[in-house]
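Paired with subunit B in one complex and with subunit C in the other, subunit A is shared by the two complexes that follow.
Coming up: the complex of A and B.
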């Protein structure tokens, strides 16, 4: 019964306003909501929305009420002969247009004010991440070095600055829970700031059509308290663990020989490819294939041998590997934590 | 039974106006009524195709991670759905409706250039077919209807998909410009006697504004697609950031077209609404003037808000504020129209027929689309919902709610003037409710999906993120909506079996309802004499008026009978000024369009010899077109004298007034082109730290300066001819034009030599790309001026027929004017290329 009720509310569009989004379940697959008020910027934009929504609803009600009265009140047909424009109903015209102008001017002024408050955070961001849009994944850099792909951690409760670039086509960086979007444009560097008020996992996606796999170009941002974040950052910047188990050592050799290293880099090893995502701490990430599948051994195996049916047209060829080799390779990759 | 007003029973007259006969007659048919119908049928066919593409996309999105189609196919459908609806459906069908209806609404017989009407149709059809032929090879355009670079550039779209899009688009947009060109002249200069500027039906005011916007807006998109095609084929660097080009240049040019495009579609739709409401409320519009002013001001303002499509590209706050304000303020005139409509309904007695139902559907849906539009104008809010499903919902409310609903209302309303039949009311109601409910079920949830983070143009979405229900509901709604469209088609087909209806089944007021349903090809044998804005409500008889006008329209009804005569009226007063010959059927329009289609199609496959062959065919067709063999022979000195006494000139060739208008509009197009090129130059220069690049050395200064001096002297000599009359100064005219032409010719030679001294190419840097393009445009304008001068010289020398001296006079005037425009282009380009680098 409860589910049916929920469906009904969704159909009526009430879901949004009652905030049924299950915010607590912090998973990369959870729903997002522009109005969830989880970040400073998104919070202010929500306020703008509620202003716009109430104004628009009022205008809608007034206009539709006038229209309905007009339609169903008794009117008359114009008599034959010279047609005179009737001036007795002109007040509707003047009043309506006057109100339109006032409402729109208020909206314009309100826009100016809200833009000014959103222009820069009150506290200068201490951190800058560089995000480079790729076809079809996100390269996360810190101080000039790739430290992750499709996933990054940020400290909660403080503004974070992003510098946004692309060396291919245009992409757009969008975290609906936290802030508005900003495009990544070749030859036109951009920047964006945002703040996650509370720790949590936030799903983002590319919002500018960027080619065949635009639909599967997502990412995850994990906000956590400053101390936890610093631990993560330090770990993310560190070199990869040396392969420990025997299987992993064989797997590493396969990684280097199979051509994986031509595209992927693993810091601290000979793999220095720059075409695909860096994999230094691959197994510590939540997702694979740009936040489209969970990062489990099974999914990783499927991705390696069949990336073209999981994400058709993406730049990683499906790999032909013997079952044994695949097991070795997986052991190696799973050790990259 | 007496004939309806305007019909003729004279066999010669009927034969003259009949569409061409014979098995292949439809290939050479001209005139607005057969061609207008073809526009409607073709436009509707594209609407159905685009709609079916949408249904397939909705099926793919109905559930998460669906595998109904590959992402590549989805992207092709998504790109072609947008391109079809925006380029091949809405604008052509609105122009087609106006092409069909304008002459009878204006109380005249045809549009100014019947052959151009036909050419516009063939160019549109071939442009659409060219774009769609890509499906046969499985390489349909896949870069979106907005074709953002660099995704669509040579590096990221190496296939031929986007070439089909670009070249098909060029042909289809050229057609749009031509139709607009004709409609502007028709509304301004070809109306029934007495139809003053203030009595033009509102729909045609809207078409006038929209058509004028088309001239500017479509040129910019044509030029943007030219840049992209040059980047793809000749390796220019307009959009390559690493070579001084700019990816944002495309967005600026595209949206400078793209935003006015929305109003180009909406204004005619609003015009339809303003026509229908008074009829079904039996009341005049509460304020005609307010509506006309609203249309004009929306048209003007719409050119100042394109960058609201670019709020997320990162622009200075001050720029964003400007475009935010403009985007909000543009809603004022639309609000004004809304209240005019409400006040009109308030006063009147509503008659609930299908057209009125659709108009009410429009008012509700468009109101929602308009309100979300204002929201999107607020930049910070736009940062969140831009390129999300909220925007998809918004513009479908605007384009379906605001344009398709009025268009369907228009079809129900005007069907008697299209097929002669009334469509069924019962099916009409089913049609309306299915469309209205289906539309809202399909598109309302998209607002919410957008809030839930669903970006546009995604072929799928993952499970468990709360998007599945919204999408399933949207898909259901889309199929309900499609059922509504199906009912429309059935209703239309059923109506064809009905007998023709009365001339005025709705009790409407405008002139098209005076003639039979469907109207005869000539619309009016006896032109109506207009005395008000609502002639059929105000006048018992349409052929009564002051003696002189009555005499003129009666005379025109009796002569000429064997050639198609059109009339030119005064722009302001609607007084008769000229009677002229409307060109007869010809195979040349379709040949010209075929030549161009071959030329563009061959370019896709880099087959340049075939492309050149296509151009040769086009050129030959053009020359044959311009020299009609069957100039009318029937003349009557007494009647011509009589017209002359009334101040009406009779021309058994094209109208001099229309020739002047045409030149004026053509030069407007040329200056728009120049403006776009110069904008490109300066936009790129401010986006590059070093401009011109250090490697680019300008050479041939002396020759370039000399070339300017020669063209300026040429202009002085041409300007001098204003003092000479045709009667006395013929030899002087000839001498001046000859000397000026020689000077211009030398100037051209010098300028080419100057350009040959340049040390850079068009591929090395965007500077070179725009430099050579400006140079080419400069020479093109010189050649145009020289051709115009040659025609003037030719006619001055050989045409001494006293009846055609007015025509020679116009040729001379037009040669002079093109010379002025040419010089303006020369000096502007010289300033930009040679002087501006030293001033910045």
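Coming up: the complex of A and C.
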């Protein structure tokens, strides 16, 4: 009995693994699922995948069965050489070719129909985000202005449009739980739409090798009801809070003097750098270093003083700071919520 | 020709079975609550997830914690054998817990930030660090 239960659990486990069921709670670091049905686009692609997989499996089984029958059947050997005009093998030839053509035609037509559905959403997306691929992080822009990095919110239950750009090498925007992937090509803006059916946190990554830290170029998409999304968007577009505590004020001065502002921007301050991610509401984000480490004080401190060990080759130099200055800087950054 | 076809059919079937067996293995291989690290030590999942959440490994080398290979601060191997914390506090459990909770109060200006650990969390991490004493190394 226990063995049977184990088998049942194992089979259920395979189903889970293949994405038939997904009970796991989503977070920015939960594993992605290429066969997920959490979004309109992902759902279509998943259906195509299962259709092709079952068709191919069926063909495979039939062919292997026929092959085995042929191998083990005792009987007259088929004469060598080309098939003769009135040979008994001829009907099999027609049947094989005909069936193959029919199956391929059905899959082709079915795929074309799905592609047509995927080409454009039924309602025009009300929102467009501009995503710029960097080495190795994602600049999130809205109406021409950077509003976040490596993290964005979208309203659930409606299509959202993404305009994809790169100013360096080719990247690829891949959000497996919600949609397929699309390349970000320098000098050739691309476009992608997707829809999250349910609120949730989804993990994305770069799917085109783009340099030494390609593997650590991830991002997080948080789908939430329209009202919550609008609150987020308004907040994301707002300028940074003024530093409140004395420590944070000293930290802000250090940020401007140390050179941080040369690469990073904090809207509402003198920091207008455009090389690194914007930091206006840094502490409200879930992660650091392109969705690789949680955004906590300890990780932030380690990232500032030794970013080159955490993500070797990235463009942020490890900072030489006194312990005191580091604390002031942390106080300032943690106030940017 | 017969042999060739049989080999191909056999290989195809073996491949199919192989894929199924591998997926069974992957499904079975659920992480246990506590697992031995590379040094053979059993690391409690609770302490390990706290260390990962707070980012201790970004600055410290901590054997047994995946990715904890920071070089900013001192390595934390065999911590129980240290005489001092931060160079001047005697290495007692009380001092370690206080240190973890608020390093800036004990040693203003040290690089280690105050990360607002609760005392329960600090005690769990302290227990983890002292656990190295049991090592055979």
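What to note about this one:
Going forward, the second predicted complex is superposed on the first by the 293 of 337 C-alpha atoms of A that agree within 3 Å, B and C clash if a C-alpha of one lies under 4 Å from a C-alpha of the other, contacts with A are read in each partner's own complex, and residues count from 1 in each chain.
One rule holds for everything that comes next: a residue touches a chain if its C-beta (ideal position, glycine included) is under 8 Å from a C-beta of that chain, and two chains touch if they have at least 3 such contacts.
All values derive from a computational prediction rather than experimental measurement.
Contacts of A:206 after superposition: subunit B is touched, whereas subunit C is not reached.
In the superposed model, A:81 lies in contact with subunit B only, and not with subunit C.
Looking at the shared chain after the overlay, A:67 reaches both subunit B and subunit C.
For subunit A, the partner touching the most residues, choosing from subunit B and subunit C, is B.
Contact with subunit B, but none with subunit C, is seen for A:169 once the two complexes are overlaid on the shared chain.
In the superposed model, A:242 lies in contact with neither subunit B nor subunit C.
When the shared chain is aligned, subunit C comes close enough to touch A:330, but subunit B does not.
With both structures placed on the common chain, the touch criterion links A:120 to neither subunit B nor subunit C.
When the two complexes are laid over each other on chain A, subunit A has residues 10, 13, 16, 60, 64, 67, 70-71 in contact with both subunit B and subunit C. Here subunit C touches subunit A in the complex through residues 2, 5-6, 9, 12-13, 16, 20, 23-24, 26-28, 52-56, 58-59, 69-72, 104, 108-116, going by the rule given at the top. Of all residues in subunit A, those touching subunit C in their complex are 10, 13-14, 16-18, 60, 64, 67-68, 70-71, 293-294, 296-303, 305-306, 309-310, 322-324, 326-327, 330.
If you check the complex, the residues on subunit B that touch subunit A are 70-72, 74-75, 142-144, 148, 150-151, 156, 241-242, 245-248, 281-288, 290, 312-314, 317, 320-321, 324-325, 328-329, 331-332, 335-336, 338-340, 342-350, 360, 363-364, 367-368, 371-372, 374-375, 377-388, 444-445, 447-448, 450-453, 455-467, 469-470, 473, 509, 532-534, 537-538.
Residues of subunit A touching subunit B in their complex: 7, 10-11, 13, 15-16, 21, 29-35, 42, 44-45, 48-49, 52-53, 56, 59-60, 63-64, 66-67, 69-78, 80-86, 88-90, 92-93, 95-97, 100-101, 104, 107-108, 110-112, 114-116, 118-119, 135, 168-170, 172, 174, 176-177, 179-183, 185-188, 190-191, 203, 205-216, 218, 292, 312-313.
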